[in-house]
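To keep things clear, I will list the structure first and then write my remarks on it.
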Amino acid sequence: MGAPAPILLHVDETMSTIQASAGRRRTRRRGTRLQRRQTRLAWMMLAPALAVVAFVAIYPLGQTIYQSFTNQQFLAGIEPTRFVGLENYREVVRDSFFRDAVVVTIKFTVITVLFEFVLGMIIALVVNSGFKGRGVMRAVMLVPWAIPTVISAQMWKWMYDDVFGVLNDGLMRLHIISEPVAWISQPSTALWAVAAVDIWKTTPFVALLLLAGLQVIPSELYEAADVDGVSKWHQFWRITMPLLQPAILVTLIFRTLDALRVFDIFYVFFGSRLDTQTMAVYDQNTIVSIGDVGYGAAVSVAIFLIIGLFVVIYVTFMRVEQQ
Amino acid sequence: MSTVAERALRAEARPRIRRRVRRRRVRRFVRRLPFYALIALIFFYAVFPFYWAIRSAFTPDGDLFRTPVQYVPTDPTLTNFREVLSSGEFQRALLNSTIVAGSVTLMALAIGALAGYALGRFRFRGRSATLYLMLSMTTFPQIAILGALYTMINRFGLFNSLGALIFSYMIFTLPFTVWVLTSFMRALPRDLEEAAYVDGASPLQTFYRVMLPLVAPGLVTAGLLAFIAAWNEFLYALSFTQTTDKHTVPVAITTFTGKSGSTFQIPWGQIMAATVVVTLPLIVATLVLQRRILAGLTAGAVKG
Amino acid sequence: MKRIAVLVATGLIGLLALVVSLGGAAAGSAGPAAQERSAAVVRPPAVPNARAIRAKYRGKSITLVGDNAVGSSHKRDLLLVAKFTRDTGIKVKLIPHPQASDAAYAQLARNFSSKSSSIDVMMLDVVWPGAFAPYLVNLKPRLAKEAKKHAQGIIQNNTVGGRLIAMPWFGDFGILYYRTDLLRKYGYRNPPKTWAELGTMARRIQNGERPSNASFYGYVYQGNAYEGLTCNVLEWLASSGGGNLIDGGKATIDNPKAVSMLNLQRSWVGNITPRGVTSYQEEDARNAFASGNAAFLRNWPYAYSANQDTPVKGKFDVTVLPHGAGAPSVGTVGGWQLGVSKFSKNIPAAIELVRYLTSPAVQRFDAIYNSNVPTIPAVARDRAVVRTNPYLKPEIAKVKRVTRPSRYLKGRYNQGSQIIYQGVNQILNGQDAKNVLPSVEQRLNRLLR
């Protein structure tokens, strides 16, 4: 994952912030001198952060948008840079490779978010319960997450090796398969192979977020339900799930957005193989290997818009939920 | 607390109760078997890859590239480790990663704490908009600005330098650091702050002397996460560094070609040795600091 | 809080100490010893005119981007560089280039586009001169005499707009490696001459070997989506009447013979070729062959000496690749050149390094030490060279060489090659060639416009 999802300690915090910005603006108060001084101070303290964001993110984004209207090349010698208007964007819409990349990315996102959520929920429930080994469980589960993604990818790639890999060897010894399977090469297993790595790596993180949400639920509720003779299963669905909803929502949002941006594992596993390119891999390949910066910028903008779309969908959904 | 009578009663009933409890325990165990099996499976899924990396790191190349596969190395060797660690490149990569991740974390914390104080303790117009902006920056796709960043980095003459990485890593570390620290700041009680004002402290003094120490767990949590994120980063490290003396650990591991002397180029033994060397301290740090991480996570849950 | 900080600090210090101590302890490990042994066989030649060079350029530092850091190729680089430094006093820093050709290209592209002076001399694949010409120094003024000794075909390939922008370092062409012991075991006297024969022999050998080795396959090659696949595709097509990918400026890859050849290869994947072949690059394929898990391997000549230290030593030989009906056997031209960056701060010193590395004496050393194909005809005829490099025997060395279409695609070669190898990779992974090739041809033609 390119960046970790922020730890949302106050799930309600997120909700209320978004609510507040969605609410009506309160009438402006001229305010006392103290108020104005406070405001000025606040902006001064915010200035460094805003400057960094503007410089490192907003400005390059602007430049990307500008580049997307040109035919700029990586190696300047190939063609002089000139304005090409919407040509690049028209090409993006027609580009079947990009479309395939988007499909691959979405498939990957659905698979990983689903599995990570289910597994993460199980682990969170286990750790939250009085289960004896839970301290070890909790420690162990943090570990895959702390390791650089490319390193995990290398570890798993070696395990998946079609001649010397332990997965094939183990499955053959157990007589589940009769000859080695090329997990990475075969199109039918490729996406699952790479998803398994991401699930391995990120489930702990999901579990942690859900655990934080679980620990807020007061145990009296469960005790009361026990007294009333409600089964554990019903307790889960009637008490846990509803109260966990904010945490679940937030977890899903950030996992989805992370999965949509996936690059590292796919790069290590597949390189520039066509049927397993994600949006980010396709973009990087366009800019660096092919060297078409202008077109790559248009693809970048397209990716930005797609991710933005998901953000909007989620935020709307959350606002509706609040109502 | 039990009274004398109750204690006496219990002493009598003890053997009977013990037998009953034992039987109940056994039954509970049997009922929970599928549960335990699931736990065991999850445990296996989580831990086996590490075992395999460690096993491969200790296996000599000749045995590594042989079928059928050995599950426990029959002839364990330290050669892979020796070759990896004596490779100046890898040591350099470790140093580079530490420098970059450390610098980025410190900068993000410094800037983020200040911003967090402003956003968490002051009321002003545009506050929620700024928070909203920071939140949306955490979803920023790094790939989208790869080309533009590349141009900028060239223009500043930072290409193939650690500075390029420190610069670009701020994109994904700063926004969420601000976010986390804002939450922490907001949760703090007002009394200490007000007391400081009454004593005549300026806002900056208050920030430095009162708020920062109070929010220390948040700093540790945010710092930890920023460090790990910077350590892990691959895309920018791959794109903005050129020569092996500027590689960070993730790039070094993917371009690892091992020392001369190995016949099989993809030196899995050495790659796994490098993996073990890199992940062991991370594992130790995570295990040592896991309480801190979890405490940080749940601290905010208790409303101040 | 303080306790945690102390703990973390101690841990980090401990780690650093461990790293440093292990690093120091390993200083005299296996590497150099192995080098001594092989170097005793052949030593890198002295630098001609060393004293004059030393007088002018002693103390200068230059960086050479050299061969993959694997086995003998890297060792060769280290030996040559060490000898050069010893003789001339010019400090040469050696950086192995990334394994995959496209990654190596990207590395150089980034270097040139940022006008960086961090690389002085670099290895250039035979298909790159067109793309990098604007950034390379013209070597004709200083190396014209030396250039005349090399095969003129390659010199022409390296001359763009009248400027000689790279000197040939070593050649390469695709050949077939085969297991002599297995051929004998299954009653074959000669290696296969046609693709059909290869198929039959591979199947028979594989069926025989499978009971004792579940990972054995008949035929392996480079099927990953990268430049190496383009080389294989060119060989398949040119040797079966399917054209040369691009002929006379137009893409010709979509034709019936090409379709049937690629579909034949597709049918072999999962049968006599492992499914994993679509992830294989040079070393993966060589691994499979060298560990005894394959009967036939297509690879470059370097694999000949690389296989000497493996279980198949003494059990394999080389020949030309098979051909189809009515077409000759071919080998794709590979090979690497050496160029000097225009942004280098030590161009004269860099040129001296190039002069040394491309001299006949060093080519002879390369050929004997690392089985690199010489680009100087005189060296290729040298008896000692031919003895250690069986593929230089006339019957193999005279195979028709085919070149990839870099002269048509020029600066866009990378993109064109990607179109080809991505398409064929899909075919090998199961798609029908007649569905894939039309769009490949269409995209190539758009590039050529």
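Lettered A, B and C in written order, each chain numbered from 1.
The rule we apply is simple: a contact is a pair of C-beta atoms (placed from the backbone, for glycine too) under 8 Å apart; a residue touches a chain by one contact, two chains touch by 3 or more.
The structure presented is a predicted model; accordingly, all values stated were derived computationally and were not measured.
Q: In graph terms, nodes being chains and edges touches, is this line, ring, star, complete or other?
A: Contact map by chain: complete.
Q: If you tally contacting C-beta pairs for every chain pair, which pair wins?
A: Looking across every pairing, the one with the most contacts is A-B.
Q: What is the distance, in whole Å, between the centres of chain A and chain C, each centre taken as the mean of its C-alpha atoms?
A: Once rounded, the distance between the two centres reads 38 Å.
Q: Report the inter-centroid distance (CA atoms only) between chain A and chain B in whole Å.
A: For chain A versus chain B, the centre distance works out to 16 Å.
Q: Two-or-more-chain contact residues of chain A, please, as numbers and ranges.
A: If we look for residues of chain A contacting two or more partner chains, we find 161, 163, 288.
Q: Can you list the residues of chain B that touch 2 or more other chains?
A: 65-67, 239, 285
Q: Going by the contact rule already set, what residues in chain C reach two or more other chains?
A: Only 110, 113, 214-215, 287, 291, 293 qualify.
Q: Show me the residue ranges of chain A that touch chain B in the complex, using the header's touch definition.
A: For this pair, the touching residues of chain A are 1-10, 13-14, 17-18, 20-21, 28, 38-39, 41-43, 45-46, 48-50, 52-53, 56-57, 59-64, 67, 119, 122-123, 126, 131, 133, 137-144, 146-152, 154-156, 158-159, 161, 163-166, 169, 173, 200, 204, 208-209, 211-212, 215-216, 254, 257, 260-261, 263-264, 267-268, 279-280, 283-284, 287-288, 293, 296-297, 300-301, 303-304, 307, 311.
Q: In the complex formed with chain A, which residues of chain C make contact?
A: 100, 102, 105-106, 109-110, 112-113, 131-135, 214-215, 224-226, 274-279, 287-288, 291, 293, 411-412, 414-415, 418, 422-423, 425-426, 429-430
Q: Where on chain A is chain C touching in the complex?
A: So the residues of chain A in touch with chain C come to 74-79, 161-163, 172, 178-182, 184-187, 270-275, 285, 288-292.
Q: So in the complex, the part of chain B that touches chain A is made up of which residues?
A: My answer: residues 38-39, 42-43, 45-47, 49-50, 52-53, 56, 64-69, 71, 111-112, 114-115, 117-119, 122-125, 127-152, 167-168, 170-176, 178-180, 183-184, 186-187, 203, 207, 221-222, 225, 228-229, 231-235, 239, 249-250, 253-254, 268, 271-272, 275, 278-279, 282-283, 285-287, 290, 293-294, 296-301.
Q: Could you list, by residue number, the parts of chain C that touch chain B in their complex?
A: 1, 4, 7-8, 11-12, 15, 19-20, 22-23, 25-27, 29-31, 34-35, 63, 68-71, 74-75, 78, 95-96, 98-99, 103, 107, 110-111, 113-116, 118-119, 213-215, 283-284, 287, 290-291, 293, 306, 309-310
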